[in-house]
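Listed below are the structures to be examined.
Look at the two complexes coming up: chain A is in both, with chain B in one and chain C in the other.
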Partner chain A sequence: MIEVKELIKKFGRKKVLDGVSFTANKGEITCLIGINGVGKTTILNAIMALTPIHGGEILIDGKAIHKDSYEKITFIPDAITMLPQMRIADAMEFMADFYESWNQERATEMLRFFKLKETERISSLSKGNTAKVNLLLGLALDVDYVLMDEPFSGIDMFSREQIADVFTSHLIEDRGVIITTHEIHDIEHLIDKAILLDNGTVLKAFNTEDLRESEGKSVTDVMREVYQG
Partner chain B sequence: MNRYLKLVNFEFNRFVKIYVVLLAITLITQIIGVILKSREYVANANEAIYQEQLSTSEFLSQYGTMSFDTIVRSVWFLGPIALCAGAVAFYIFLIWYRDWFGKNTFIYRLLMLPTARLNVFLAKGTTILLVTLGFIGFQLIILPIETTILKWIVPKDFRVDMGVHEIIGAIPELHLIFPQSFIEFVLSYGAGMMVVFVLFTAILLERSFRWKGILMGVAYGVVALFIMLSPLLVQDFVVDGYFYISEMVLLEVLVGCIVIALSIWFSNYLLKRKIRV
Partner chain C sequence: MKVDFNKRDPVYVQVVRHFKEQIAKGMLEPGQEIPSRRELANQLKINPNTAQRAYKEMEGQGLIYTERNLPSKITKDEKVLGSVREELIVEAVDSFIASIRPIDVSVEEVLDLVKEKYEQEKK
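On to the complex of A and B.
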């Protein structure tokens, strides 16, 4: 379980996150929802210790993040985290070199699924294909938790569909996923838990299935209530 | 350890293309220099001897003999060395900043490797050291080639041959990068690595605190400088020349080690707790 407790983050004097708390479980897709600039990416960066925090605590399976945690949790940012001059094969070799949790079989499977060629250079890939490679580099790690920042933004329709298919496949199953989005439509049916953020706080957190059953509301309905009501 | 070595290998490979180009520029420029300078000398000699009717000994007493010394002092020889030194100085900064800038933000990957982040720091430092040593080694290898070319062009009676050791000895400024003894080697490269680590720490301060970090980085540089100067200040103002020169050298080595240790410790802290992507 990933536990974010009373997280506070300031940029200068401005508090971007003001006591954000939520948990994300293994085997569930948790979605951080909020408009641009609300601090979704900052939360993911904070979980990965990529930015300092000014208060609160983040635990992964009960422990603060340390170097070995990166074999258990990975982050797929919205830009690819490999050198542009590398070929896809070089990027995979780099991952295999540094991560014990790298699973080449799974990587090869995803290459085939996304119809990508190993010999292609990252700098020459289209936006959609770059996103797919980025996703591949993260998901081919045998980690328990995957964080994804806006995996659907700025990508063509067919790539979006392919990526959405990944979410319902065994590539995601059993893992804990935290995903951010400002646009819920593509993934509304995929997510288990929604965390609605605004002004640096959690406005509402709910289990999507429960709410659908008990009140007959979709995530979009709740968002309308919370943000516009 | 294993991942540290992989990182060194990785960082070095990122520089290797520019490196090969710099080595090629050095080789070509210096050889052109040797050829031009030697031919210029021979042309002068020909003119003096055949047209002005000077004897060989008269020419030599007027113009002097040709030796590699003349070439070493020319821009053909020192220019590429300065270029390589400048490239290393520039790369000390670029080796960090290239990971933050551009649309592929590689720093995410480096900071998420399942290894101590200090290894990234040490690997970058090691790369700078290896690159520098490589330049020096290359220069020492091509020197005998260059002296041989000089021998081909200038006849024996008109030149004084110099060994590699003498050539480097001819220009005191080069002692710093071509040490003459093992102690000198340790001292100048130790000092060099200390400067690199202080600069790295300043860069990490800037990367952690951005605008405020620039001031902190400068302040850190001033503190490091002050620590380095402290034995001299104590010697001059407190104990009034109490220490022998050899003791002063030892004290400088000691404070140098302190500055290196401080920089590594501080950078480790910044990378673990303060760094921002």
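On to the complex of A and C.
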């Protein structure tokens, strides 16, 4: 389980996160929802210890993040971090050198699933295919937790569908996933838990199936109530 | 298998309903093996946890059964199968009544129209 407790983060005088708390379980997809600039990416950066925090605590399976945690948790940023002149094969080799948890078998399987060729250069890929390679590099790690920042933004409908398919497959199953989005539409029925954020706080957190069951409301309905009500 | 899910009913309830429809239509036969939880999630493009919950619900209702480590199967229980069909019919009639009631029309007039349309559809 990933536990975020009373997280505070300031940029200069501005408090971007003001006491954010939530948990994300293994085997579940937790979705951080909020408009741009609400602090979603900052939360992911904070979980990965990529940015200093000014208050609160983050625990992964009960422990604060440490050197070895990076073999257990991975972060897929919204833009690929590999050098453009690299071929897909080079990028995979880079990951294999860096991480013990790299699983080439799974990477090869995903190449096939996404219909990508490992000889292609990152710079020559379409936006959709770049997003797929980015996803592949993270998901091919045998880690318990995967954080994904806006995996659906700015790509075509068919690529989005293909990426959504990953969420229903064994590539995700049994892992704990935290995903951020400002566009819930594609994945509304795929997520287990929704965390609605605004002004650096959690406005509402709920289990999506429970809410449909008890109140007959979609995630979009709740978003309208919370953000516009 | 492609199912259009609405956003307001629990997905697992919609999956159970989908299975009931398949059973009532005879697309799924008594004793027929059903996909594993993982396969179902993949086919219907749903969260594996939801597939799990749907199967648990169906097991609870006696729609499917699992013997030891074998794949789950559709029940052979005639009573359960009969009630599935009835349940779907009653549900459809209920929703029809709900949409026709606000209109000022007599039962006789409606029934005649239903009969006429029903016969036409068959041809």
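The working rule: the second predicted complex is superposed on the first by the 229 of 229 C-alpha atoms of A that agree within 3 Å, B and C clash if a C-alpha of one lies under 4 Å from a C-alpha of the other, contacts with A are read in each partner's own complex, and residues count from 1 in each chain.
Throughout what follows, contacts are C-beta pairs under 8 Å (C-beta built on N, C-alpha and C of every residue); 3 or more make two chains touch, one makes a residue touch a chain.
Computed from a predicted model, the values in this text were never measured in an experiment.
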item	value
Which of chain B and chain C A:48 touches, first, second, both or neither	first
Chain B versus chain C as contact partner of A:113, first or second or both or neither	neither
Which of chain B and chain C A:212 touches, first, second, both or neither	second
Partner chain(s) touched by A:191 [first = chain B, second = chain C, both, neither]	second
Chain B versus chain C as contact partner of A:227, first or second or both or neither	neither
Complex contact set, residues of chain C against chain A	5, 7-13, 38, 41-42, 44-50, 53
Residues of chain A defined as touching chain C within the complex	27-29, 164-165, 167-170, 173, 188-192, 209, 212-213, 216-221
Interfacial residue positions of chain A with respect to chain B in the complex	45, 48-52, 67-71, 74-75, 77, 79-84, 94, 97-101, 122
Interfacial residue positions of chain B with respect to chain A in the complex	3, 6, 10, 14, 102-106, 108-109, 111-117, 208, 272-277
